[in-house]
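Following: one structure in structure tokens, then a few remarks.
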Amino acid sequence: MGKSLVGMVGSGVVLGSFILSVMAWMQVKESGAFEANAFTWLEVGSLHIEFGFLVDELSSLMMLIVTGIGFLIHVYSVGYMHDDVGFHKFFAYLNLFIFSMLLLVMGSNYLILFFGWEGVGLCSYLLIGFWYKNKEFGKAARKAFIMNRIGDLGLLIGMFMLFNEFGSLNYKDVLGAGLSSSYAITCICILFFIGAMGKSAQIPLYTWLPDAMAGPTPVSALIHAATMVTAGIYLVARSGVLYTASPDAMQLVMYVGLATATFAATIGLKQNDIKKVLAYSTVSQLGFMFVALGVGAYTTAMFHVTTHAFFKALLFLGSGSVIHAMGGEQDIRKMGGLKKYLPITHLTFLIGTLAIAGIPPLAGFFSKDEILTNTYYGGGSFVFIMLCITSVLTAIYMLRLYFLTFRGSFRGTREQEHHLHESPLSMTLPLIVLAILSVVGGFLGVPEWMEHKLGLHHTLNGWLGNVVHNAAHPAVTEMFEYTLLAVSIAILFILALAVRTFYISRKTLPEPDEEEIGIVKLLSHKYYIDELYDAIFVRPIQSLGTFLHDYIEKPVIDGLVNGFGRLSKSSGKLIRLLQTGNTEFYLLGMVLGIIVIFVLNFIM
Amino acid sequence: MIEILFYVLSFVSIVTGLMVVFAKSPIHSVLSLIVTFFAIAGQYILLNAQFLAIVHIIVYAGAIMVLFLFVLMLLNLNKEAEPNKDIAMKLAGVISASLLMVTLTGALHGSVVPEATLAVNTSNGLVKNLGQVLFKDFVVPFEISSLLFLAAMAGAVLLGKKHPSQITDSEIQKI
Amino acid sequence: MAILLVLIPLLSACSLLLAKGMAKSIAVVSSLINLGLTFFFLSQFNNEGGFQFGDDLIWVERLGLHFHYGIDGITLLLLLLTNVLTPIILIGSFGRKYDNEALFYGLILLMNAGLNGVFMSLDGLLFYIFWEITLLPIWFICAIWGGHDRIRITLKFFIYTFAGSLLMLLALIYVYLQTPGIHSFDITALYAVKLTAAEQCWIFWGFFAAFAIKMPVWPFHSWQPDTYTVSPAPGTMLLSGIMLKMGIYGLIRWMMPLAPAALKDSGQIAIWLSIAGIVYAAIIAIRQQDLKRVVAWSSISHVGLIAAGIMTATTAGLQGGMLQMLAHGINVVGLFLVIEMIEQRLNIRDMSLLGGIAKPAPKLAVLFMIIMLGSVAVPLTNGFVGEFLLLNGVFQFGIWAAAIAGLTVIFCAVYMLRIYQLTMFGETNQLTATTPDVNPREFWLLAILCVPVLFFGFYPQPLLDIARNDIENLLKIIAVSN
Amino acid sequence: MPISIDHYVYLSTVLFCIGVMGVLLRRNAIVLLMCVELMLNAVNLLMAAFSTHFNDPSGQVFVFFIMVVAAAEVAVGLAILVMVYRHAKSVDIGLFNKLKG
């Protein structure tokens, strides 16, 4: 098949599934959730698992995101991957990913979710290691898969506990049951959260995500920003009823989310690889979502998933466009002034930056604002303040990225400068669509004051209300909202100016790697977490392997077995000495033997 | 009368038996053994086993011992010098043999032999009776023993013959 | 009727020696006939429980020996595995020229006969006899056509497994002597014997010794990595693909029903041993350089999980164990086939010297990937279903046991991806740059193996249905005796 | 029967033990063979005694069989000794140490 045909088929089927998703969404809207069982996958004893699908408000939202953004990224890939020899393979993997992701969100029980869950992990592995000739890429792929598997084990055991507790893995049976808080439920929630940690890159299982940027950029956009990594959010939101019954687990989710958000944001400040910055930004944003889940704001988390999918996919695709133009260069120290060469990319990237930074009325503002509001009431002031600081950090690193890449003067080689060009239509079109979505996406969930003032509705809250709903909190005072709005706008402008002054007017550049010192070095080396993990997990296990093989297996276990052999051999050698060959000696032995037998006979 | 005869014969057989063991020259051993056999044949007669006694003398004294003598003569082994044994080994031999005797007699001492149930039949040892038992009840072992003889004969011939490859060149020239 | 499965390969093995020139074709035809027969039995099989297609001939009346055999669901699954894999192993061996072909293929057929016999026999002594018969051909295969240092290694293998099975024989005879009237080795008579808890404990360990060495369960495994490595590829495949299932089958058919009370205490120790083996073998597998050795250690790890799951005596554990036996058999044979193909092409198995084979041999890379994923137990491959059920069974035994056994999920990914990456990914080097891709024979072999890997991952229920009632009955026997 | 069976038992025990002692003491292989004959005769005597005691002729038949075996044994044994002598010019049993382990 020719490349254009492959691209058309690959994108076409995703478009088809997008259209079907829209239809499913309409059906749900009209007549509520519906379930369909394909066949009985497994029936062993009391364990009965249907290969079944459940389309309700939550899953249809995810389906729309997955297929919609998936389609855009497919289109983008046609342009981006055009010159790659693995073009066919790429689209095959990408479509396999869409399949797995849909399985994940559409399953009617936890096991089908798990199928998709591992399926997307596999596709992620295949796509990160897409350029398999590079050893480092292969390692990154392996790391991603293995870290995901650690989480998967948590999820798997959580499922066993769940089955033990409820006798079923179906969402309906589990989530419909009246729940009271119990130790088992807390355990299940924590185990599920471990699964979510792996998939959604939370502390301590987040280090794979930045490394996953080894994959082609569309992959980073689709899998490692917009869809797969939000599967953890989906899982927790889906199990919202369970989490609500376990305040302890919620606390854990919140604090882990908060820690990840802050931690990743600080690392993002000093990264110089355009994709790495975005990767840490993703980790940080996922942390935001978990904080929202931790305070019981499930729909808010889903709202942020949606808006984040728009602007983060946009940013990644934009960065892909930049990398494409730069001929594979990813270091922002060698970019600069790309505004005039890549006008469309620049504009859309700017929109994405502003959206993630939280400038009203772009999408990021609404969702982040809602998270902050919910945290204020549900999480206590410490969490709220930390999260606000993290939002500020988000704005800083994104603005830094923007200014260093697009403003100022070009710092690359002449050759690169000569090569600079705007990307083809198949790449810019998705950028434009996503930019529009990033602008208007926020109106899916407007804050309360807008509801009153402008007569708009929080569509998403109402929509998802049938599946999960936010924990109740007191009505937000308008004063608070206005303050938050004003302060955030003010801070953003000040920041924008400051960052601009720092990097553009003063032409300060991030120092080369070897000149970094102190905290800067610490940050750019990501707090040495990779090295730490290497030292406390990877190497010990490897040396344990060598140790077991060399010092336990060979001398002890095998030694014992061989010892038996040696024992019989050496005892044979010893007993052989009795055979002197001296006939009289044998005769004597015989006679003595007879005597002994007689005596024994006599005694008994 | 019979008792005296028994004791005399016993004495003779034990003494000559000891002589077999302790005689320096193998020839003396052979001769003593022949005497022992005669004494034992006398015991057989005392036991009313006349035919057995005759066969005993013919087979043992007449055939086997002659064979021994022949071999001794042929090989010219009539030397008194036998390589000396370890004194410890000798001592061990004597001690263990006596030990064996002590344990055996000790063991037999307590045993009770059931009294004979049938009336004494003095004609048991006659050829006619024995022949009947031998060819009626024991005909199969009898035939097998004849096979054994055949095999022993063949074996003895085979062993006694010089292997062709062992014949040296000088011997060939002699022929 | 079912005895044909033993007789056909046996007679073909004899005829091989007469018609030496046609060794290959006779062997393949015979194994295919067996395959067809197995499918015939499958089509006629009634899964309501109980033994079918069998017969009960009196063998030595005074000793109560019967030539009693039959097929139930558990047996059928294993026959399916044996007779599907045998032709694949046979055809897979055509890539290499073996000296004295007739003997080689004859021994493989003999192996096939013995394995079918083990799985079908319903008389204790008959089982033991077949059990030992299988040891001989495989030992000859390994000792004649093996690699470096084969005599020492295979002798160890032989003596070790033989010593284990003698303990089993002792246990069998003990139970036999407890049968009322004229003693009998018949399975129903043996099941009916009531033993005290202390006796059952001894019986349990007697059987366990034999089965644990055969599988092998930690710490009775030390013969296995060396033997797998040194054996010729078909020998390794027979050992790992089918023969180790004999041990697991023995657990199900003989050990657990004969010593059910011992499962409570001794069984716990045995389960923990198996679980220890999972982690131990996996950690060692991570550090191995020889491809065959990695798969050998991984096999110990996988089998540990199967043994642990089965000894929990839960429906999930037993069903999972049955499925995983099939899955492991198929996957491990696939892996060894791939390794053999690499070895035939490049003459090495050391991973540090390989790399980048995906470029010159993309088809091989894809097929290897599918089989590897099955082995890693990614959902929707056959490996996952069994692993899921087994871990579920182990979970019912204890949550910590499940957590530790579950580490296999992680470690298996670590070492499998490692071998895949080191062989297939990366830059090609001088050696691997011109690796030829699979030829049609190899392609179809691997492709046929990939079919069940994917199909039974998607739809495992047909396999589960085959043995469902027999497993329930077995569990009832175990429960009643308690 | 004036002489009790016990007497015969003791007599043959003594003779047997003398035979054993000879086997243990001597090194000349031919003398060893003779001592074995002595032991066999001790047993024969016992057989005959019991045969008379129980009035059962089979005991005597057994004695015949033992004689047969003894004769065969001597024939073969002496043939072997002749062979050995040809080889080693001696019949000392110290030579028979080829079975040394």
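Structure notes:
The first chain written gets the first letter, and so on, giving A, B, C and D; residue counts start at 1 in each chain.
By our rule, a residue touches a chain if its C-beta (ideal position, glycine included) is under 8 Å from a C-beta of that chain, and two chains touch if they have at least 3 such contacts.
This one's a predicted model, so the numbers in the text were calculated from it and none came from an experiment.
Look at the CA centroids: the one farthest from the centroid of chain A belongs to B. Chain C has its Cα centroid nearest to the centroid of all protein Cα atoms in the structure. Averaging C-alpha coordinates per chain places the centre of chain B 66 Å away from that of chain C. Taking each chain's centre as the average of its CA atoms, chain A and chain C sit 38 Å apart. Computed from the mean C-alpha positions, the centre of chain A lies at a distance of 95 Å from the centre of chain D. With each centre defined as the average position of its C-alpha atoms, the distance from chain B to chain D rounds to 5 Å.
Taken residue by residue, chain D touches two or more other chains at 20, 24, 27, 94, whereas all remaining positions touch fewer. Under the contact definition stated at the top, the residues of chain A that touch 2 or more other chains are 584, 588, 591. Counting partner chains per residue, chain B shows two or more touched chains at residues 85, 92-93, 96-97, 100, 104. Applying the touch criterion to all chain pairs gives A-B, A-C, A-D, B-D. By the touch criterion given at the top, residues 156, 159-160, 219, 221-223, 280, 283-288, 314-316, 319-320, 356, 358-359, 373, 378-380, 384-385, 388-389, 391-392, 395-396, 399, 402-403, 406-407, 409-410, 413-414, 417-418, 421, 424-427, 459-461, 464, 468 of chain C touch chain A in their complex. The touching residues of chain B, when paired with chain A in their complex, are 85, 89, 92-93, 96-97, 99-100, 103-104, 106-107. Taken together, the chain A residues at the contact with chain B in this complex read 584, 588, 591-592, 594-595, 598-599, 601-602. Those residues of chain B lying in contact with chain D across their complex are 2-3, 6, 10, 13-14, 17-18, 20-21, 26, 29-30, 33, 36-37, 40, 43-44, 46-49, 51-52, 55-56, 59-60, 63-64, 67-68, 71-72, 74-75, 77, 82-83, 85, 90, 92-94, 96-98, 100-101, 104-105, 108, 113, 116-121, 124-125, 129-130, 133-134, 137-138, 141, 145, 148-149, 151-153, 155-157, 159-160, 162.
Residues 575-584, 587-588, 591 of chain A are the ones that touch chain D when the two sit in their complex.
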